[in-house]
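Questions regarding the structure given below will be posed in turn.
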Amino acid sequence: MDWNILSWLIWLPVVGMVAIALIPREKPEIIKIIAAVATGLQLWVVIMLWIQFDRGAVGFQFQEKLAWIPSFNIHYFLGVDGLSLPMALLTALLSFLGIFVSWKIDKAVKGYFALFLLLDTGMMGVFLSLDFFLFYVFWEVMLLPMYFLIGIWGGPQREYAAIKFFLYTLAGSVLMLVAMLALYFSCGRTFDMTQMIVLAPEALKGVTWWGLDTLKVIWIFLFITFAIKVPIFPFHTWLPLAHVEAPTAVSVILAGVLLKMGTYGLLRISYPMLPDGAVWFAGALAILALINIIWGALCALAQTDLKKLVAYSSINHMGYVLLGMAAVVAAGAQHGTNMTAAQAGMNGAVLQMFNHGTITAMLFILVGVVYDRAHHRDIDGFGGLGVKMPIYSGVVALAFFAGLGLPGLSGFIGEAMCFIGAFPVYKLIVIIATLGILLNASYFLWAYQRIFLGGLNEKYADIPEINGRELFTLVPLAVLVVLLGVYPAPVLNVMKVTMNYIIEIVQTSSLLAPH
Amino acid sequence: MAATLIFWAIVLLTVVSAAWVVLSQNLIYSAVSLLFTFIGIAGLYVFMMADFIAATQVVIYVGGILVLIIFGIMLTHRITHVRISHKSVQRGIGALGAILILMGLVKMIITSPWRVIHSPDPVGTTAGIGKLLMIDYLLPFEVASVLLLAALIGAARLARKGD
Amino acid sequence: MDVRILYGSLFLILPLLAFVIQIFVGNRLPRKGDWVSIGAVLLTLCIAIAMFAVMLVYDDPHFKVDKSIEWFNLGSWTVEIGMLIDNITIVMLLVVAVVSGLVHIYSVGYMAGDPRYSRYFGYLSLFTFSMNGIVLSNNLFSIYMFWELVGLSSYLLIGFWFEKDSAADAGKKAFLVNRIGDIGMFIGILLFFTGTGSFLFTDLFEGVANGALSGSLLTIAGICIFLGAVGKSAQFPLHVWLPDAMEGPTPVSALIHAATMVAAGVYLIVRLFPIFTVDALTVIAYVGGFTALFSAIIAVTQNDIKRVLAYSTVSQLGYMVLAVGTGAYVAGLFHLVTHAAFKAGLFFCSGSVIHAMHHAYHKLNDHESDPQDLRNMGGFKDKMKITYTTMLIATLAISGVPFMSGFLSKDAILAGTLAFAQHHPEHSLLPVFGFGAAILTAFYMFRLIFMTFHGKPARREILDHIHESPSVMTTPLVILATLSIFIFYTLPFANPFSDHGWYMHLVEPVNSVVAGNPTAHEIEEGIHHAHLPAMIISLIVAGLGIFLAFLVYLRKRISAEKMAQRMGIMYKFSFNKFFMDEIYQKYLVNPSIIFSKAVGFLDWDLYDKYIINGFAWVTKRLSRIIGIKYDYDILDQKIVDGVGRSTHFFGAGLRLIQTGKLQNYLLWVLGGIIIIFIIQVM
Amino acid sequence: MHDLNTYLIIGAVLFTLGLFGVITRRNAIAVLMGVELILNAANINFIAFARFGGMNLSGHIFAMFVIIMAAVEAAVALAIIINLYNNLGTVNIDEADTLKK
C-alpha cells in the first residue's frame, strides 16, 4: 500500500497525543477536540481499510515490514487479516466514542486524553502486529495508560483496582514473554508470526522440557496470559473491580476491546502456532467456557451494583466465545470432519467478540449515564425511571435485550453460532450452557424491572432525560447492534476466509487423526 | 624531563583533588577541590595538544558548572552553618565495588591491544574544530543548541518557587 | 420475484415500518399515530383476504410456494432463510390479520388517553410483524428468531402498565418461562441441525425421511422442539405465565394471549408434525390432554373474569396440542382458527365489561373494589345488550354447542382422540381428558355468563352507571361473534354438523416422514369413523355442563359454597391453581436466587478476597519474615531486585518493601557489572 | 608517559572515584559532583583516543558535546535539587523516598 495505512492507524492517536501535549491545560475544549479529531481520523482510516480489504484473499494484507532490531531479527511488521480487521474497527469505533463519553471529565483533562490516545495506539498495535516482539511491546504499552486511567480517574477504590489489574496482567505478560522466547528459539530465531505459524508445529514436535511436552508448557503459558485478559475463570476477579472503579469510557474500552485481546491472542497466536495444543486443550476450554457462562451469569444475578452486573455479564458472554472456539476440533477427522460446525463455532466466536464489544460498550455507557444523574449505581436504589426517562429506558431495553441474546439483535447470532458449532462435539456441555441463556434473561430483566419499572422512586421525580451527546455515543452502537443482528453477513464475509484458514491449520493436527 | 615532571604533578593534582571531592566531609571543600580537578584535567588536555578543549574546559566547567554547583550548595543550605557537612552511606561496599571496577578497567586497558596511530602534532585545533562544527556536525550542533535552550527554560521553570 | 412472496413480505414490512415510525416519531404524529399502525394492519388484512379468496378460488390442496435466500455463507456452511406459503399459512395469516386488525380498532377506544398511546400501537405492530414472521418462516432458525420476538412483544405489552409492580412481574415471568421452553426448542433445533445440516423444513423432512435422524434421538429432538410449544402455548408445566399475563391491557390479552401468539406453539407442532415419532406424539398428546383438564379444573373456581378466560385459553390450547398428539393435527389447527375468533370475542366482551365497571366505580369514587371480580358483577344483561349477546354467542361456541364454530372443531378433536384411543386402548385416558375438559368448559363459561349478566351486583348502585361501550369497541365484538357461527367454516355446505367444509378440504393432512408412523389416510379413516360417537358424547357433555351451571348459578338450586365444601381439598387445590406458582417460587426461583447470591459471595468475598489476595498476603508475609531475619541491606535488596518482578505479580502491598533508595539500586547495577567483568576475565 | 595507557588509566581512576561518589554520597549535590567526574573521565578518554587512536578532531568534537551535555545536566539537576529542597526541606537523596510510598 502506498500510504502505509496501518501505520497511520496505529500512530494517529500518538500524533494527537503530541498535539495535546502542546496545548495549555487551561484550554480543555481544544484538547477534547484534538482527541476527537485524532480518533475520528483513525475511525475514518479503518473504514477505508474495511472498504479496500480483499475479502477473498487468504493471508495478511497491507503488510508493512521494516527492520527494527536486526541483531535479534525483530521487525516492525504490520498486517491485517479477517480476524484483526473487525477488532481494529471495534477499537477505533470505541475509542472515538470513548472521547465523547469522557467529555465531562474535569480532572486533569490533558493527562486523561493523552493517556487515552496512548491506550488507543497500544490496542491498535496489538491487533495489527505481525511480529511477536512488536505484539508484546504493544501489549505492554497498553497496560501503562490503563493503570493510570483507572488509578487516577477511577472510583473510590481506584488505586486498589488499578494495582490489581496491573499485577494480574503483568503476571500474564511474564508468562507470555517466556512462551515468546521459547517459540523464538525453537523457530530458529524469528519473531515473524507468519513464519512461526509455519515453523512452530514442526519445531516443537517431540521436544520436551523436564519430561513435559514443550508444546503443552508453551500452550499453558500462553493460555494463562490470554485467560487473564479474557478473563477466564479462575483468573477473572480483576475484572469486576477494574470495571466498577474505572471511569465510564475506560470501562467501555476495557470490556469492549481489552477483553477481546485475550481471545484474539488465542486465535492469532496459540491456535495457528500450536494446533496440537489447541486440540489437546479444546475439551478443557469447553469446560472453562461452560464455567464462565454459568458462573458469570450467577454472579451477575447476585449483584446489586449495576456496573458490576454488566461486568459479570461480560464474563458470561466471553464464555460463549470460548465455547465457539472449542468447536474447532469438529473439523478433525476424529469428529467426522464436520466443517460446518467448526466454521459455525469459529466464525461465531469472532462475531460474538465483535458484537459483545458493541453491546457491552452500550451497557457501560448507559450505566455511566444514570450514574452521572443519580450518583450511585445501586440497582435497588432506583425504581420506576421508565416514566421519567422514556428514551433512556428504551435504549437500555435495546442494550439489555441485545445482551440477553434476543434474536434480531446482534447478541443472538454470535451466541447461536457458537452453540451450533460446539454442539456436535460437546453435546452435554452445550445443553448445560443453554441454561446460561435463561440466566442471562433473568439478570437483565430483573435489573431492568428494578430500575425502570414499578412505581417511581420519588427521589428521582425530576431526573433529566438522556442528552444529545450521550445519545450520539449510543446511536452508532445501537445501529450496529440492530444491523448485525438482522444481517451479520458484512462482518462474517470479512472474517470467514481467515477463520477457515485457521481451521485448516488446526485440522492438520496429528491429534485429530482418526483412531 | 621538566615536561614529564609537570605531567606527573598535574596527574597527582587531578587524582588527589578528585579523591578529595568524593571523600571530604565538607561540601564546600568538595566543591573547591573539584575546581582543582577540572583545572588538572584541562592541563592534561594541553598535554594531548587539545588546546581548544582545554580552554573550553576551564571556561565552562570552572566558570560555569562549578559556579552553578556552588550556587546550588548555597541555595540548599543555611549559609550560617559553618560546616556544611554531609555523610556518606554504604562506604565499605561502595569502595569494594569501585576498586573491583577499577581493577577490571585497568586489566582491560593493559591487556587490550590498542591500535595506536601517532598522528603529527597539530598546530592549533580551533580552526579545524570550527570547520567541523559548521560542516560535518552542523545538525548535532544545532540540536545541542536547542537542547541547551530547552534545558535553560526547563531549569528556570523547575527552580521557580511556589508552583 | 414471485408475486406471492412479495405479498408475503408485505406482511412483514408493513407492520415493521409501522413499529419503527411509532417508536421514533409516533408521539408527534396527529392522533399520536394510531392510524399508522391501524393502516398497516388493515392493509395486511386486505392482502390476507385477497390471498384467502384466491386460495378458495383455486381450490388447490397442494398449493405451496417455498423460496429461500442466502442469509450468510461461511464456505462449508450456508444459512438460508425464506418464506413458505401454503394453505395453512394463508389461513393463519388471515387469522392473525383479522384478530390483529380488530384489536387495533378496539384499542382506539380501550386505550384512549393513555400516556404511552403511540408506544402501545408500536408494540402491537411489532407483535403483528413477528407473528407473521413465525407463520411465514420456512426454516427453524428464523422461526426461532420470530419466536423470541413475539416473546419480546408479549413482554412489552404485558408490562405495558409497568408502574404496577404486578404487571412488571408478570411481563418478566412470561419472558423467562417462555425462555425455558425456548431453550428446549433451541436444543431441539441443534439436534435437528446436527442431524440434517440444515434449518429448512424441506431439508429437515427429507433428512428425517432418509434416516439422518431416527429412533430415540429423533424422539428427543421432537420433544425438545415441543418444549418450545409448551412454553409459548402455556402447556403444563409452563402454563403459569399466561394467567399472570392478564395484567396487560385487555385487547392485548385478546390478541396475544388468546388468539394468536399462544397458538404459535400449536402452529409449530402442526408444521413439524411429519417429523414427530410416535413416542414424541404420545408425550405431546398427554401433555395437551392433561393441560386441558387441569386448567379447566382451575378455571371453575377463579373469580377474576380475565383469569377464568386465561385458564380457559390454556385449556383450549391443551385441546389443540392433544389433537396434534393424536394425529388429528388438521383438527387441532381448525380449533386454533375457530378458537381465535371466539376467544378474542370473549376477551373483547370481558374488556367491555371491565371498561364499564371501571367507569362505574370511577363514578362512585370507589377505588377499592376490583372491577374484574365476578362477584362484584351481575345483572348487566339489560345494560349492555350488545356485549351480552355477543358474549353469549362466543360462550356457546367455546362450549361446543351445535351451530357454532367451536362445535365443529372441538368435535373433530374429540373424534381424533376417540379414534386414537380405539386404536391404542392403552391410551384411553386421553378421551377422558378431552371430554372431562369439555364438560368443565361448558360449566365454567356459563358460570361466568350467569355471574356477570344475570343476578345482582355486589353494589346495586353501580347498575346505574353501567353503560354499553362505544361503537369502536362493540363493532369488533359483533364481527367476532358473527365469525363464531358455523357457516363460515362449513361452506360450501350449510350443514352445521358437516366435517367437510372448505377448511377440511384445503388443509390436507400430510404423511409423516418418520418410518412406522400411521399414514394420514389411516388417521383420517379413524377420525371419520369416530365422528358420530364423538359428536353425540360431546353434545351430551356440553349440555350437562351448561345445565349444571344453570342449576348452580342461575336457579341457585345447588349452593356453590356447599359444593365447594363438599369438594374440600379438591376445591382448595383448584382455587389456588394447584399451588404451582408457590411451588415454583419456593423450589425453583428462590433457590436460584440464593444460589446465585452464594456464588457471588464465593466469587467476590471468598475467592477473590482470600485466594487471590491471599497470594499477595503470603508473599508480603514471607518477605517480611526474611527481611527481619536476615540483614536488611543485603537480603532484602536481593528479594526486591531478584524476586521483585515475580512478587509484583501477587500483591498490592508488596511495594512497601521497595526501599526507594536510588543508590541501593546503583550498587546492584555495579555488582552486575563486576560479575560481567569476572565472567569475561574467566 | 606519553602513551595511551597512561591517559586511559587516569580516566579509569577518575571514573572510579566518580562512581564511588555517586554511590556513597547522601547529598544530591555531591552526587552531582561525582557525575561530573565520570563525565570528565569519559572526556579524557575521548581526547586520548583523538590523540593516539586516530580519531583526530572528531574526538574533540565529541568531547565538546559531552561538555555541553554536562552543562545542561548540571543546570537541570540543580534545578531539580532546588525544587526538592523547596518541597522536602532536604537534599539527601535517601530521604527523598516518595517513590516507595
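By written order: A, B, C and D. Residues from 1 in each chain.
Just so we're on the same page, a contact is a pair of C-beta atoms (placed from the backbone, for glycine too) under 8 Å apart; a residue touches a chain by one contact, two chains touch by 3 or more.
What you see is a predicted model; the values in this text were computed from it and never measured.
Counting hops only between chains that touch, chain A reaches chain B in a minimum of 2. The most central chain, judged by the distance from its Cα centroid to the centroid of all protein Cα atoms shown, is A.
Interface comparison, B-C versus A-C: the pair with the greater number of contacting C-beta pairs is A-C.
Taking each chain's centre as the mean of its C-alpha atoms, chain B lies 89 Å from chain C. With centres defined as mean CA coordinates, chain D is found 49 Å away from chain A. The distance from the centre of chain A to the centre of chain C, with each centre set as the mean of the Cα atoms, comes to 36 Å. Averaged C-alpha coordinates give centres for chain C and chain D that are 83 Å from one another.
Of all residues in chain B, those touching 2 or more other chains are 89-90, 94, 97-98, 101, listed in ascending order. Counting partner chains per residue, chain D has residues 19, 23-24, 94 touching two or more of them. Working note: touching chain pairs come out as A-C, B-C, B-D, C-D. The part of chain A that touches chain C in the complex is made up of residues 160, 163-164, 167, 170-171, 174, 234, 237, 240-241, 295, 298-299, 301-303, 339-341, 343-344, 347, 384, 386-387, 390, 394, 401, 406-408, 412, 416, 419-420, 423-424, 430-431, 434-435, 437-439, 441-442, 445-446, 449, 452-456, 487-489, 492-493, 496-497, 499-500. Touching chain A in their complex are the following residues of chain C: 23, 71-77, 116, 119, 141, 144-149, 152, 155, 159, 162-165, 167-169, 171-172, 175-176, 179-180, 182-183, 186-187, 190-191, 193-194, 197, 592-593, 595-601, 603-604, 607-608, 612, 645-646, 648-652.
Note for the complex: chain C touches chain B at residues 633, 663-664, 667, 670-671, 673-674, 677-678, 681.
Residues of chain B touching chain C in their complex: 89-90, 93-94, 97-98, 100-101, 104, 107. Looking at the complex, you find that chain C touches chain D at residues 655-656, 658-663, 666-667, 670.
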